[in-house]
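Take a look at the structure set out below.
Here the chain labels run A, B, C and D in written order, and each chain numbers its own residues starting at 1.
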């Protein structure tokens, strides 16, 4: 390893590992050396957007978050908007207003997203997230910008199915088998993207709330490989119902205890269809002061 | 050139150049070959966020757009939110609602953003942008994801000043001189970022509405070099007051006539301070169906 | 009649009846004398709210309008918000943000709400309602405040049913029969509230889109009695499907042609249960500049 | 008194006065008998709107609440919106979206608005107001609808000035003197409106944050007369800076301790110009589930 950190904590967390003030978590694995190395893995130069469209229908929406909305702010219906400023006849600008949950559709979780009675990642108190100001530690600005080598574990592709069954709990062994079958090398600092096929099932019109996703057993894969961030094509990275019925079990293990940035509802089917299992990946979330998450449009270069 | 296009149009536009249905404009210059080549220009692996924070104060806000707002959607003040679902005591999630103009702070213009009496880029009718649905052509989804080689022309750095004077109209000659002084090679498909220093002046607390920016004379630089997209650290790429007092003169030349994607209020000071004039740049805007723009957080790799 | 107006127009509209600049329509019938007389009709002093609660579930929501949302702006989770201003320990304020369609749940239509190819009420051009500014004539400010004598025609009560059948088209004869049975005197300037029972059916959980409501035949009741405004407990005053399948037939006759203010999704069951068919009614809509409607909470005094 | 309540509490609060579950506070004074009597005070039938327009400029806005916004939801720029449903050519509807703070401009406070370390009115815990759900007790639905006799104390009119000085703390003696001079009878259950003239000063373009308003000394006027609700033309009923520099001193005395509904930024100049000091007043706030306040448009009948 080229970064300098203490050993993994004996309590199974990364709290304190990068200092008491750390707000980056496992993104600390993404040293400049590793980012530079990641730029060397591209083979085609094809650009992939990993975000679903942001719209009201045809995409997964949680009722309590509401559907994202776009309203028109200005348009050609505004009669000669620039006439009194000397604008040419017929000249104007279209603009929009956006109203959406930070965790809408394709999004990432800031490290302040989930709290337990012990607080959020690195022990910052859970009541620091206030109604008015949001997160005073670990807001999305601290983790929203990163880049590195991405790898795709295409579980349905490997297993020869269209999608894993709803409710299926993905194990460490399944991840290892997929790595082997794909002959994908896993490196420290990698950004791990797991395809479950769930979005493809969603597009078939399922109304099943259950989803395939990571189980607690799979956490060791992330830990042992020094994975920097994890994404998936489902709602919560982890399976729903939750593994062993422990609510948010994998969020607690990854996001809260180890500071692993999570990305959800990623559109991974195009990468899978191309057999692109290794790529350069960059993420630029909206750096909203105080926010616990952000919609994202990760960009992969094949 | 490795892409196959017709010659530049005789009327000084790119309308029809990539077909009557084209909605990508000069992003067509970003062929996979060029993107792949762009991944080879990095030297340090340092990751730069080019976005200002999204917040209500201390950043440039236009009154008619309003300040971006973050509201809390859920927090630890929601008593045991997951208790009835079997969640552990003290467990919960912080989430936010975002209300912001698509052209807030650091943002990009979709090709449907500006219209003249002839329509938007490629001749799509200007009245296609409806109140309810927004853009039916050239919404942000069509141009919001791209990557390539970025170059920074640091005009204040080259000219030995903190910032160009407010209202200063940047000429082609100034861009050429900066290129020469920086010894920056300009390649077809490059993403051109122009630093005027205006954001540094803004941070000093100026209330001068005037800004330095590109003039119509500088458009030929973009055209001659087959630039794929243009960004700057000011509000409108172009100077304010507008060059020769033609309202939105440079937007009309670049965005409307030639389909050049524009990015505004980019934070370029860190790249400049590092003398990083060449980098890999990726942009993943929010792919909002129908939107004429999006806030962005472009990611540069030095 | 105590107001001074020209005769009813031969073309069946009120356009020009109260002058070319009029933006009040039949609210002009509500002269001070009639308002004063209306204060004399109360018998019990009981106060009725005619608005459904504004919330996300359990109330009629149209998908394109979205459910109304309340977000917390400030709360006790904001640690000692007034401490730096000298506030006592533990002191603070709870506040909210509201995001809702102007035509949400219980609401009224401004006279700019519906347009035909001839324009809105009184012939104001339909393209005057701009994306940025909204209505330049007949916005909700011009009609949003009024008061007078309200009468309730309780059709299900009169007909001995729980509700009129979905899709039922109410005729003039049905209104006349109800008036006679209730022994309700109808006076010029009255505010007519029609109970169809639809909200009661909605509360039973119907997913039938059809609704009972006024037909074109019933318009003469409104015209002949110089009714000032019309409200009902359904979504559109008129029946759905529309009478004779003419889209918005009754809106065109009442709102557009005659300038009759309309109120929808009124909660009328409590008035009906009390047999209160005559009351003082006051309406204070949100006077939003440019808006084509507003949520309302009309107040009736029995 | 025609209502049956216990005596005023010895601790100077009304907590428990109308039962441990009470969420109406002094609106309990508004018995049906008093409301019925209030309908008999009108003399002219003139209808007054007491709300300022809801718009972005020219009205008092607090920065942390943001300016109210109206966006267009549908308009004639939506090409033939009803064509596919059989609508006539040129037919359509204009609608809006509203985004505004519940305490915007002319508004009322729910009894859950202000909390002290002892809780909100009637001792409900202050942490009951959650981020997601808002108020579980004393939301605006419980107090948002009321009507009764309103009286206006026109202090500048009585004192022969355009407005009271910014920062002026209004005393009990000033209210008594105004009552005497106006020969206004004060009755139990009255809704007291106090004109300070501050809105007139605001319209002159003052940027003075200080405002005239009630002091703690004036609270006894409200208590002794069994006033049901209090409104004023300033931002906070009370003076700014606060009386004796006790933050929210009068809110604590009236809203929290005694459950007195408060209304702020009322437009009272027209009533004052007409010398209308007695009137029927009705208020129908938006009954938003969980909200701590609402914009209002109170309607007075002279």
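FYI, a residue touches a chain if its C-beta (ideal position, glycine included) is under 8 Å from a C-beta of that chain, and two chains touch if they have at least 3 such contacts.
In this text, all values refer to a predicted model and were calculated from it rather than measured experimentally.
Novice: Once the contact rule is applied, which chains count as partners of both subunit B and subunit C?
Specialist: A, D
Novice: Same or different for subunit B and subunit D, when you check if over half of the residue numbers at their contact belong to both copies?
Specialist: Same, since most residue numbers here occur in both copies.
Novice: Using mean C-alpha positions as chain centres, tell me how far subunit A is from subunit D in Å, no decimals.
Specialist: For subunit A versus subunit D, the centre distance works out to 46 Å.
Novice: Roughly how far is subunit A from subunit C, going centre to centre by Cα mean, in whole Å?
Specialist: Measuring from centre to centre gives 46 Å for this pair.
Novice: On a C-alpha centroid basis, what's the spacing between subunit A and subunit B, in Å?
Specialist: Centres of subunit A and subunit B (C-alpha means) sit 24 Å apart.
Novice: Indicate the residues of subunit C shared as contacts by at least two other chains.
Specialist: Those would be 64, 69, 72-77, 97, 99, 127, 129-132.
Novice: Line, ring, star, complete or other: which one describes how these chains touch?
Specialist: Topology of touching chains reads as complete, every chain touching all others.
Novice: So in the complex, which bits of subunit C are touching subunit B?
Specialist: 64, 69, 71-73, 75-77, 97, 99, 131-132
Novice: Quick one: which bits of subunit C touch subunit A in the complex? Just the residue numbers, please.
Specialist: 56, 63, 66-67, 69, 72-75, 77-79, 81, 99, 127, 129-133
Novice: Okay, in this complex, where on subunit D does subunit C touch?
Specialist: 30-40, 42-47, 49, 51-55, 64-65, 68, 70, 72-77, 82, 85-103, 112-118, 126-127, 129-132, 134-135, 141, 144-147, 245-248, 252, 280, 282-293, 295-299, 301
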